[in-house]
Every structure is written in structure tokens, then in C-alpha cells.
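Same chain, two partners: chain A is paired with chain B first, then with chain C.
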Partner chain A sequence: MTAVQAPAERSSRLSRAGGYAGLLLVVLVVALPLYWILISSLKERPDIYTVPVGWFPDPLTVDNYSAVGSGVAFTDYLRNSIIITASLTVIQVVLGVLSAYALAFLRFPGRSLVLLFVIGSLMVPNQITVISNYALVAQLGWRNTFTGIIVPLAGVAFGTFLMRNHFLSLPREIIEAAEMDAAGPLRMLWRVVLPMSWPTLIAFTLITIVNEWNQYLWPLLMADDASVAPLPVGLAQLQDTQGLTNWGPVLAGTVLTMLPILLIFLALQRHMIKGLTAGAVKG
Partner chain B sequence: MAAVTFEGATRTFPQSDRPAVDALDLGIGDGEFMVVVGPSGCGKSTSLRMLAGLEPVSSGRVLIDGVDVTGHRPRDRDVAMVFQGYALYPSMTAGENMAFALRNLGVGADEIRTRVAEAARILQLEELLDRKPAKLSGGQRQRVAMGRAIVRDPKVFCMDEPLSNLDAKLRVSTRAEIAALQKRLGTTTVYVTHDQTEAMTMGDRVVVLRDGRLQQIGTPAELYERPVNTFVAGFIGSPSINLLDRVPVRDGRAVVAGSLRIALPAAGAGLASVTVGVRPEGVDVAGSDPGAGDRLTARVLRVERTGAELFALVEPLGLTDGVGHRGDHLVVRLDKRLGVHEGMELTLRVHLDEALVFDPEGIAVR
Partner chain C sequence: MATDLVAGARTGPAPAPLPRPPARRRERRGRGLLVAGAFLVPNLVLLGVFTYRPLIDNVRLSFTDWNISSPTATYIGFDNYVEWFTSSASHAVLWNTVVFTAAAVVGSMALGLALALLLDRRLFGRDAVRSLVFAPFVVAGAAVGVAFQFVFDPTFGLVQDLLGRIGVESPAFYQDPDWALFMVTVTYIWKNLGYTFVIYLAALQGRRADLDEAAEIDAASTWTRFRKVTWPQLRPATFFLLITVLLNSFQVFDIIDTMTRGGPLGNGTTTMVYQVYQETFVNQRAGFGATVATVMFLILLVVTLVQVRVMERGQQR
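Here is the complex of A and B:
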């Protein structure tokens, strides 16, 4: 090969290099704190504070991890987190899919009004509804219960909106074919629409799981103790009991909190591939 | 099996001031193969979808077997549709695609198996029943889509340009297969296409639409030989008919040129000028005799050979003053053995009995 390059080729190579540089920068910004949390959780207490910074834990220790368990009722928090996240995910995915289906495919009076309402509720920040929600839930006697934590968080505006838009992007002909084939609404959803929607549905599920797993403000207001509080509240508790100087166990708790989500993400992300409508329609 | 009737069926889309289909009156006999043709956007699909129940009817009625189905859901009409893009369910195998409707209708498993097997045999899909659509070729998908319609044994088949995604060769063979299949099943069929060849070769009768309005219904031969207006004349036949406008009428004859005079039918008595249509295949090269008012001289501008046929694009000479032709030339089909070449001057013989006469508005004079 000769070394001569067309100018276009050189500039495309340059821009590619620029792209990678940008990518690298973003990865550093995201990954560095995570790496820092991980190594610090494996360090001995004095090593966390030494300057210059040590990039590898030396000596390596898992003491912080055992300290997590002894400091707070970690397994209780974990159980609560799982209960809250699982319930909310199931509720939100089911409600989101059903409402999106209705908004995308069923003709009923006031449909666009409902949609407008859903989109409108997306624009109201949570913080605004917290106070009125709190008053209502307290009045119902739901404080410090799972019901009190879960019910107010079970709204699904985002999921409805996401799934509806996806449903509308499906080939119209296939939906009509199913209509002609006498498929009822549930069968249409289950056998025709959802099989073409897994990637979007999985993305929606994943976002919901991450979101609910990380819920902090509302459970903090609702829960009084480890009987219903989820992990993020527990972590804050851990920080309190350890005092402001002992970061090791807190960071170890953080790692343990992230781990389940990371595993779920890794398990689900390979299903988020496109191309499920291949061969369905042509032209 | 059933007869289908459109009674003033109209569809006006929201935010549209003009109906996409305007007061369509159309009767389709039991077991008939009716082809709907017309240029793009003329309302063919909309008409078909009104029959299938996929498009609401703004005014008028649609009847199947004498029953007014205008307000019925698609599933209650017992109509099967073959879509242009096939619309197969991507997550189901070919067999499941075909069985889906039967399952929804609560047909027993044994019955479903028998009917799918039978349809697969007819369409030669037996080996492919376990494949998903993504692993089928275009022609195979088309057959699965057909299979999905025929397993239901519906009253009416609706087909919306089912061949337009196939390559030219496959289209010709599939065309014949569909027509034969329909004859064999005897199911009333409404078939939409923009391809006039498909219309002519497949249909028992053909209906021509233009801008949402019905132009003519008739057998392919009727449409070809006796089009009601210049639009139908121009749409049916390939290459298109040659139209000569503003031909003056003298002594009951349209005088295209001194040597070409076409007798007007009685209905054309009072007309001062007419439009004359001459099909490319309604013309021969003349012998040396003087002819009987059926001669036209022309210069060859270009010669197009398709192998089997020869078309000469010619410029007519000696036209009567004021006569104009649409397009920059006339097209004539000539004997390919004649050795016609560019620049040549020809004397053509026009078959007077095949020439068509239209009034200045374009309506046929008969």
C-alpha cells in the first residue's frame, strides 16, 4: 500500500480519532468515581485518606464489607429494596404496557385528552407532589408500610409514553392483519404486538428497575426503620452510624447496593437488540 | 362465497376537502374476480379497506351477501386480506401465521392442522411451515400471506397489490397462480393493482378509478375496445393509445389528414371537432394501393425493440390544420421483420374499425 491518502480519508480518520477521544473522556468521567468507590471499599481505613492517592488497594482487605453487615441491618434493607423494586416494576410495566396499548390502538372518546394528561404529568417534578402525597398517605395510616411507599410511586407516565410511541412505530399493516384475523385485544397484545416490542419493553423495564432501586427521597420520608426502608435509606443510615470519617464501610455498602443492578443490566442488555420485525413487511 | 355491493360508498379523510373515494357504486358477483385499477392515489386501497372494515365509510353503504356491514368490525365481516407488504407476524412460523386466525375463531386443533396442511399443499409451502418470515424469500412470504387468507375460507378475498414486491418474472408466474387458485376456490375476490397488465390478464371484470371516482366497469375486452373516455382509453393498453385532439368533422367524418377520414358513429352527428384514438397495434404499414381514407404518412423518429415486438415512435405528416397529438410522437407497433429504421418515411394503414372517437370533453362517441 502506498502512503498517499485522499484528503477525505485523512479527515475522516481524524474525526474518528476525535470521536474516540470524546468517548474516552466520557468513560473516564463515568468510570473514575466508580473505580474509586470500588478500590476504596477494598482499602484499609488509613489508606483511604493517604496523599498521594493509591490507585490500587495495598494491602487488600474485605474488612469494610463485614463492617457493613455489623453496622446496620443490611439484609433487611436488601429485602425491602427487592420487595419495593419488584412490586413497582411489575406494576409499572403491566400498567405502562396496557395503557400504551389502549392509547395506541383502541379508539375511544377523549383519547387525545388522556394522552395530553399523561404527557402533562410527566412535566410535574416529583418534589412538588411530595407534600400533598405525604399528607394523604399519613392520613390513610400508611406511614412506615410498604403500601405507603409503593402506591404513590406506582404512576407510569413515562412508560406509557415510551411504549405508546413504540407501538405506533410498528408496521400498521400487521396490526390490521391481526384485526382481520379476529385477534382480540389481549391476544393481539400478547401474540402480535409484544413479540415485536421486546427491546423497547426490556429497556423500559431496566429503566424502571434502576429508578425504583435508587428511590431515596420518598422512602426516606415514609420509612421509620429497617422494617420497610430500602437500601439507599440504609446507606445513609450507615453513614450516620459510622460517623463522617469512616468511608470504608459506606463505600462497601454502595458497591453491594450497585451489584444486583449491574448483574440485572448485564443479563438483560443483550436482549435489547433490534430487528424483531425482520421479514414481517416489505416495501 | 358472497356478492359484494358498494352503494354510494364515500370516504373523506379528516382534514381533507375532497373525498378519497367518491360515491362508489359497484356490484361484484358471487365468485367473481374483480380487479380495481387506477393511477397512484386514485382511491383503490381506500375502497378495498372500506370493504375490509379497516377504513370507516363516511357515507353510503357496503354490503356483503346482501347484509349491510358498514358498521361491522373487520373480524365480523368474514373477509380475508392479503396486504401489499404481506404483513406476516414476525414472531410466528409460516404455519402459525396461517393458523392464527383459525385459533382466534376457536376452530379445533385437528381441523386447524388439516386446513393449514391443505393450504400448504396448494401453495407448495409444506417444507416451509416451520420457518419464520425472516427466513423466507419474497415469493415464499407472498405465498404464506395467500395461505393465511385461504385457510380461513372467507366470503371475500381482498388483495392490495399483492405482487408489487416481487421481481418481474415471479410476478408473471404468480399472477397466473393466483388467478388459477381463485378459479379453483371460487371465492369472490377484489384485487387492487396499478398495473394494467395484471388487470387485463387476471380480472373477470375490471373497474377503473380516477381521483376517487369510478370511470368504467367492464370485462377487460370491453375496457380495451370500448373505453368510455380518454382516461380509460389511455390507462388500458400498453403502450398507451395515441390521442389526436381537435380533429375537425366534415360530412360525418373526422378528418385527421387528407388521406385519413374516420366515419363518426351516429351519436356524434352534431360535433364540430373530436378527439381520435388510435392504438399502437391498430396500425400496419400500408401496401402501395391508394387505400380508402385510412392512410397516414409518418416519419420514424426512433425504433424500440423489445425482442418480440417492434415499436416505432413516429411523427405524423400532413395532419389537418389544427390537429395536435398528445405527447411529442405517436407510437405504432409494426412487424419486426420490416426493417424499419430511423428517419424512414412510412405510409401507415389505420384499422378504421378499431379507431376510437371521443367528444371534446373526452367522452366516447358511440
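Here is the complex of A and C:
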């Protein structure tokens, strides 16, 4: 018996060792750049421009962070990011849930066409709609306003589709029983459907927050100054003026841009991944 | 057709309604239409005005000479198309787009699958590593671009330091167009690996363990087991990723803008999306930008349709 087991055991030990070697490699490739950005943002200026690279900030300083905080309207960018992300998230979640409810539960002519219209828009990249939208928004006088940034991004296709699929998976009997009680649609939604949908709704909300926080091209085109520009745009501006010669504050700004979304993600990653993988796995 | 874009869509006909008294039914249907309208119209209007309208407007604009800040566009027929299809700069841009997209799709899917296979195993600390791999995906592309511009800095960056340790000099990432394209592609894959990884991991976790066990009892080799048992079960996830990763990587703007601005040497890392931006908003040639956008959308449409076709055929088998 032992004679048979021994080679198998050795090969499994070998494969475990290989597994951990792979794990270590992954950690290095993904974490090392992040770590290096973080420590560089905590270095004094001459230390950033030193070869070879030092792996610990010595001396450690938060000067770069205070420079960013005071210098270039970074708090304004942060405020704008919060305003834009919060507005878009509320609008998209409300519109997405209402659209999904109509597509899943209400019977009306042309429903499948409407569904096709919503899903089809997923195929149109934002990046090629900017030309005509820019002209339209400029005509409306919305340039350099929150309205101009928010409204053109407010339509929701992915979330509608995600919620609709979830709604269709809910037990029919419960929905029909509630319909028999002649509950109005809003009441149905609030009392019956949503209480069975929190995980999917949370996933939808998180994906929306991440997407909108990270928006770049459209706000870049819309915003002329720090009154409405969100963090990614402000960061690129900072890089323009300071990069190469003064990486410290730029890297501190990068860390500050990444941090809020990373914290949200770490706290709620399970929910977010659930939304991303829904529909992808089963054929 | 388009419903198949996202696999797992429930597109079958709605279950038959319960029989109801006719009068009440008619009344309900009328109310249903009203409610559906109220629920759907705001969203449909937004998608119509800001997604579909510009798509069609692009076609109109592509036949004009137009400065985006001017109210009038001059009709010039097919001139823009002739220029785009014949200029060597556009060929370079098309080539960049193909290389970037192909490398991004193949690279992130192959690595994502490898990572998913690795982290599906019972290894100590795998949950933490899973989170780590997924983390860059949620971070702003612009922030990654800014940070990685310094990571790849040939004099003070991280990459030159690591290369120096094995006695290799850093390539001129910001002067050599090929290395610049390599750099933005690697950065993009680094950022988006988490996406292909979680999709493949979910697919692996949803596969049928009994098939694996049967293969194990048959003493099939690891490679045979993967090829014959695991890979076929991953097919839906693979098709889903092929379409979504292609759509996404075709549209990359933030990383290119913050790392290279489409350079070096004019259009070293200019992809079609970046060309749309540059012609429209930097060179003030919005008509030409609309032409590039239209061509780009047509390419995207054809590629996606072909993929969906192949996917449908694959599922019939």
C-alpha cells in the first residue's frame, strides 16, 4: 500500500510547492507596483529621484500628501467626484430598477423590442458618442456644469439587464399572489420584489459606484476647471503640471484617488463579484 | 441576437397569464402600458438621446468638414473616408488597435484562466491573493496610467530597477513606439486581469465536481483532465469573456491618454478610440473624428456578430 502511495504523495507535494511558487509570483507582480507607488509617495523628493530604488521610505514623510491637499484644488476634485458619483448612482439605480421591473413583470406591446434597445446600447462605446454629445451639451449651455457631466451618462443598460434577469428568477407564485391582491406596481416593487433582491441590487449599486468614480473621458471633455472636474481628471492635470519633475505629490494624488474605491471594494467585494459574474457562467 | 451578447439571458416567452375575467384584464393591460411607460421612458429617452442619436449623427458628420466649436459643417462627400482608408497614419492606428486588442484579449484571458486554476486550489492565503488580483480592476484607469508612467520611467522607475538587477538596461519606453505600445498593453492587462480571473473562477466553481472525480479515478493526466473535462465546461465563460473583453479593450482611452498621449512619434500608441479624440478635440477636425468613430463602430459590430455566430454554432454542437 505504502509503495503505491509514495509516488503520488511526492507528486502532490511537488504540485503544492508549485502552487505556492505561483502564488508568490502573483503577489509580486500585482502587489509590487502598488507597494512601490505607496512608498514613493511617502518619500522625500531627493529620495524619489535616487538610483537604485530604496524599498522603504527613509525618512518617511507625508509632505507630498499635504502638498496635494493644499496645493491644487484636490479637495475640490474629491468633492466633485463625490457629487458626480452619488448623483449618477442614485439616478442609475432608480432608473435601472424601474426599467427592469417593467421588462420583467409588466405586459405591454413591443416589450422584446424595448429589451433589445436597452441591451443593444451596451455595444455602443461611450468613446464614440462623445462627438455629437459634446456638440449637443455645448449647445444646451451645459459645458463645465455637473448637469453636463451627469445627464449624458445617466442612461442605464447593464444594470437594467442585470436586475431584469434577477427579477425573472424570483418565484412566480409570490409575484402572482401579490398581483391578485391588486397591489400597485410601486407597492409591489417596494414590498414584494425588492426585499427578495437586495444582493443583486447591492451588486448593481457597487458596480455603478466603481464605474462612475472612474469616469475619465467625458468629464475631461466637459470640465474646464476644478469647479466640476472629478479626481481622475484632476489627477491627470496634476501629472501634466508636476510629473517628471515632482512625482511625489502626483503619486500621493494617485494613492488618494485609488484609496476610497479600494476601501469600498475590500469591504464589499463579494457582492460586487456576484454582479459581475451573474450571467457569465451558465451558457 | 443581441440578447445572446450576455450569456445566460432569459429570453424565452413570458409565461402565459392566468385566466382572468375579460373586463378586468383589459383594464389591467391598459394600466400595465401606462405604468410600463412611466417606468421605462426616462431611461429609454436617455439611451436614445445620448447613445443612439450620436451613433447615427456620427454617420452624418462623417461626410462633413467640421470644427466642433463652429455651428456649421460643410458637406464633403466621401473625402474623410478616402483620407482615412488611404493615409499611412491611419494604417498605423489600425495596426496599433489590432495589436493592442489582440494582446489584451489573449493575454488577459490566458493569464486570468491560469490564475483562476491556481487560486481554485486549496492553498493557504488564497482568499487574500484573490482579493489582491481583483483590486486593480476597481481602480480608475487614469490613476493606473499616471502611476505606471512612473513605474515604467526609464531612469527612476520600478521596472528599470528590476531589470537593472539582472543586468538589463531599461528599454526607452517613451521614445520607442514598439516599447510604448508594449508598455500600455502590459499596463492594461495588469489592470484588467482581475475581471477575466473572477469570471473564470466563478465558472470553475460552478463546474461539475463529479466529472472531475470520474476523470481522477480513470487516472487521466492533469493535462488530459483539463482539456477533456474542465475546458469544455468553461466554454460559456470563454465566449462571454471574448466578447466583453474585446469590447472593453477596443475602447481604452484613459491609460493611453495618461501614459503616452498616443505618442511617441506622433501615433506610436494611438488606437482608433484615441484617434477619434485627437482628431475631434485636439486637431479640431470633428468630421474626420466622426469618420473614424463610424468605421470603428462598424468593425466592432462585425466582430461581435461573427463572435455571436460562432458562439451559437458552438452551443448547438
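The rule is simple: the second predicted complex is superposed on the first by the 222 of 283 C-alpha atoms of A that agree within 3 Å, B and C clash if a C-alpha of one lies under 4 Å from a C-alpha of the other, contacts with A are read in each partner's own complex, and residues count from 1 in each chain.
Everything that follows uses one rule, which is that contacts are C-beta pairs under 8 Å (C-beta built on N, C-alpha and C of every residue); 3 or more make two chains touch, one makes a residue touch a chain.
Predicted model, so just to flag it, every value in this text is computed and none were measured.
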| item | value |
| --- | --- |
| Partner with the higher number of touched chain A residues, chain C or chain B | C |
| Touching partner for A:Asn133 - first (chain B), second (chain C), both, neither | second |
| First, second, both or neither for A:Val193, with chain B first and chain C second | neither |
| Touching partner for A:Val228 - first (chain B), second (chain C), both, neither | neither |
| First, second, both or neither for A:Leu95, with chain B first and chain C second | second |
| Chain B versus chain C as contact partner of A:Glu173, first or second or both or neither | first |
| First (chain B), second (chain C), both or neither touched by A:Asp181 | first |
| Residues of chain A contacting chain B in one complex and chain C in the other | 176, 276-283 |
| Residue ranges of chain A touching chain B (in the complex, touch as defined) | 171, 173-174, 176-184, 187, 191-192, 195-196, 276-283 |
| Chain A - residues contacting chain C, complex | 16, 19-20, 22-23, 26-27, 29-34, 36-37, 40, 48-53, 95-96, 98-99, 101-103, 106-109, 111-112, 114-136, 138, 151-157, 160-161, 165, 168-169, 172, 176, 185, 210, 213-214, 216-217, 220-221, 231-233, 235-236, 239, 243, 247, 250-251, 253-254, 257-258, 261-262, 265-266, 269, 272-273, 276-283 |
| Chain A contact footprint on chain C (complex, rising order) | 2-3, 5-11, 14-15, 17-18, 29, 32-33, 35-37, 39-40, 42-44, 46-55, 57-58, 61, 68-69, 115, 118-119, 121, 123-126, 129, 131-136, 138-143, 145-151, 155-156, 158, 161, 164, 190, 193, 195, 198-199, 202-203, 206, 235-237, 239-241, 247, 250-251, 253-254, 257-258, 273, 276-277, 280-281, 286, 289-290, 293-294, 296-297, 300-301, 304, 315 |
| Chain B to chain A touching residues, read off their complex | 52-54, 73-75, 79-81, 83-92, 100-101, 104-105, 132-136, 138, 141, 148, 152, 164-165 |
